[in-house]
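Chain naming follows the written order as A, B and C, and within any one chain the residues start at number 1.
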Amino acid sequence: MTSAYFLDLFDWVGVFVFAVSGGLIAVRQRMDIFGVVVIALLPAIGGGTLRDVLLGQPVFWLSDQISLLIATGAGFAAFLAPRFWTKFKSLRWLDSAGLALFAVVGASKAYSLGYGFVICTIMGTITATAGGLLRDVVCNETPMLLKSDIYATAAFSGAAAYVISKAQGGSELLSLSLGAGLVFLLRAVTILYKLNLPTSKGD
Amino acid sequence: MTSAYFLDLFDWVGVFVFAVSGGLIAVRQRMDIFGVVVIALLPAIGGGTLRDVLLGQPVFWLSDQISLLIATGAGFAAFLAPRFWTKFKSLRWLDSAGLALFAVVGASKAYSLGYGFVICTIMGTITATAGGLLRDVVCNETPMLLKSDIYATAAFSGAAAYVISKAQGGSELLSLSLGAGLVFLLRAVTILYKLNLPTSKGD
Amino acid sequence: MTSAYFLDLFDWVGVFVFAVSGGLIAVRQRMDIFGVVVIALLPAIGGGTLRDVLLGQPVFWLSDQISLLIATGAGFAAFLAPRFWTKFKSLRWLDSAGLALFAVVGASKAYSLGYGFVICTIMGTITATAGGLLRDVVCNETPMLLKSDIYATAAFSGAAAYVISKAQGGSELLSLSLGAGLVFLLRAVTILYKLNLPTSKGD
């Protein structure tokens, strides 16, 4: 098994869980089937799309239509059986898995283009969080990521861990696992202990 | 008359009606003249701009400034004489015409770049609907396209009809007319009979 | 001192004041430190990013990480000492300075690529205002720029003044100063005399 194989697999799982999680929000807002699929697509491919546009690279889903297919399928799945998916107790766990996977995939893409620490961690964070931000903006909700929980910070940390591991000569699979593991760990601790980053005291 | 001529003509008419329809919304929100022109520009050139960025093509209005001129003129027209334009009974008919024209123009651009069915229909749908979505997000309104009416689905169907007609050897003019006609027909039936796509029953 | 030096200096000052002004809004909304830095980044680099994407140029902060650093630092500064910054009486003066600097920097970038009057003034206006618009949309506020004050119109006028001065053979430094001065003057008059552009009478 090559590392490219793992990267694709990580990416597809991330696409699926983000799309289901987005689709369920659309179902809760009583959108029609088309709206559910669009809102499923936003978090699933929005972050990676923005990353590719900013990097000046061809948008990934122009050639990789498997992602589009998976996200559309997940949108239909959310539409047809919202109760089944909601049984997974909390959307936040699904969402945390997607966050972890996308953060390292995004950092890995920038790293493979030769960018350094700053740009790689930014691209990892954008890949992981921009799609969800877009979803919240389109749904006219206040983006939760900016107000509560250690969310984007977790994505940022995982992307950083990936880059550091790679720079130390770690293999792609090890670095991906390390980075994604760190994101998921940070999210798990945050969810279980209801942690938040500090807000400004000065005002 | 060449098919390129028709494509341009279709495009300009679409730009004008979308810009008027956007400008009227801005007038209703009591925006100043600059705001009205900006909100007129969003639906008129926003969808095509996003399409070009995603396709990695030069943004169309960098070279074709006629579109910018038409959209700006339509914004002023909406600002100066909102009552004249509102006399056209319902904005929805103007909007449906723009939707029909943009859906096939967008699909045609992707088709001419050699893309297949999936990407062509997505680009047609984006060209037709992303500008209006952007307008609603900037105006802080819930995007209606995701909640009611058969709207984006109509754009999607028309783009699909265009691609199928082209793939069967149909001429550009025939395919454009077929696709745009289908969009307008679907919108007309939707408006007259107040149809909606189903929402999820599972929640 | 070369004109490139001045352009960079203008740009960095603009980045700093826009980022502080954005960060202070985020502090007022009680965002956490990460949210404050993100909202600081949006107006500081959002407009220039959109300009580069639309022009098909490499996004400026991929190579110029000084801007990222300045904006991040300004975000922290806003988070740690909001009262210090608010002492500058009104955010609107900081904001007007940023607007003036970005309008001419944006027009200058398009001009150096060989574009004419229309595209240069549009790019100046986008560089100056799109980041703030993005900030308002993400914060779920009605974009003030579209409703009140002579704001984007000032940016537009300054960008136009820059292009006209350059076309008349004016030096880069003279043209930058002329354009930025005009924007700041228009803003100052607007703020001091509470001017607004007319809204439509026809409705």
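We take it that contacts are C-beta pairs under 8 Å (C-beta built on N, C-alpha and C of every residue); 3 or more make two chains touch, one makes a residue touch a chain.
It should be emphasised that the depicted structure is a prediction, and the values quoted were computed from it without experimental measurement.
Counting every residue number used by either copy at the subunit A-subunit B contact, under half are found in both chains. One copy, subunit B, sits rotated relative to the other, subunit C; on C-alpha atoms the angle is 120 degrees to the nearest 5. Centre-to-centre spacing of subunit A and subunit B amounts to 30 Å, using the average Cα coordinate of each chain.
Touching of two or more other chains is recorded for residues 53, 137, 140 of subunit A. Note for the complex: subunit C touches subunit A at residues 26-36, 38-39, 49, 53, 58-59, 62, 65, 68, 79-83, 137-140. Taken together, the subunit A residues at the contact with subunit C in this complex read 53-56, 115, 118-119, 122, 133, 137, 140-143, 145-148, 152-153, 156, 196-200, 202-203.
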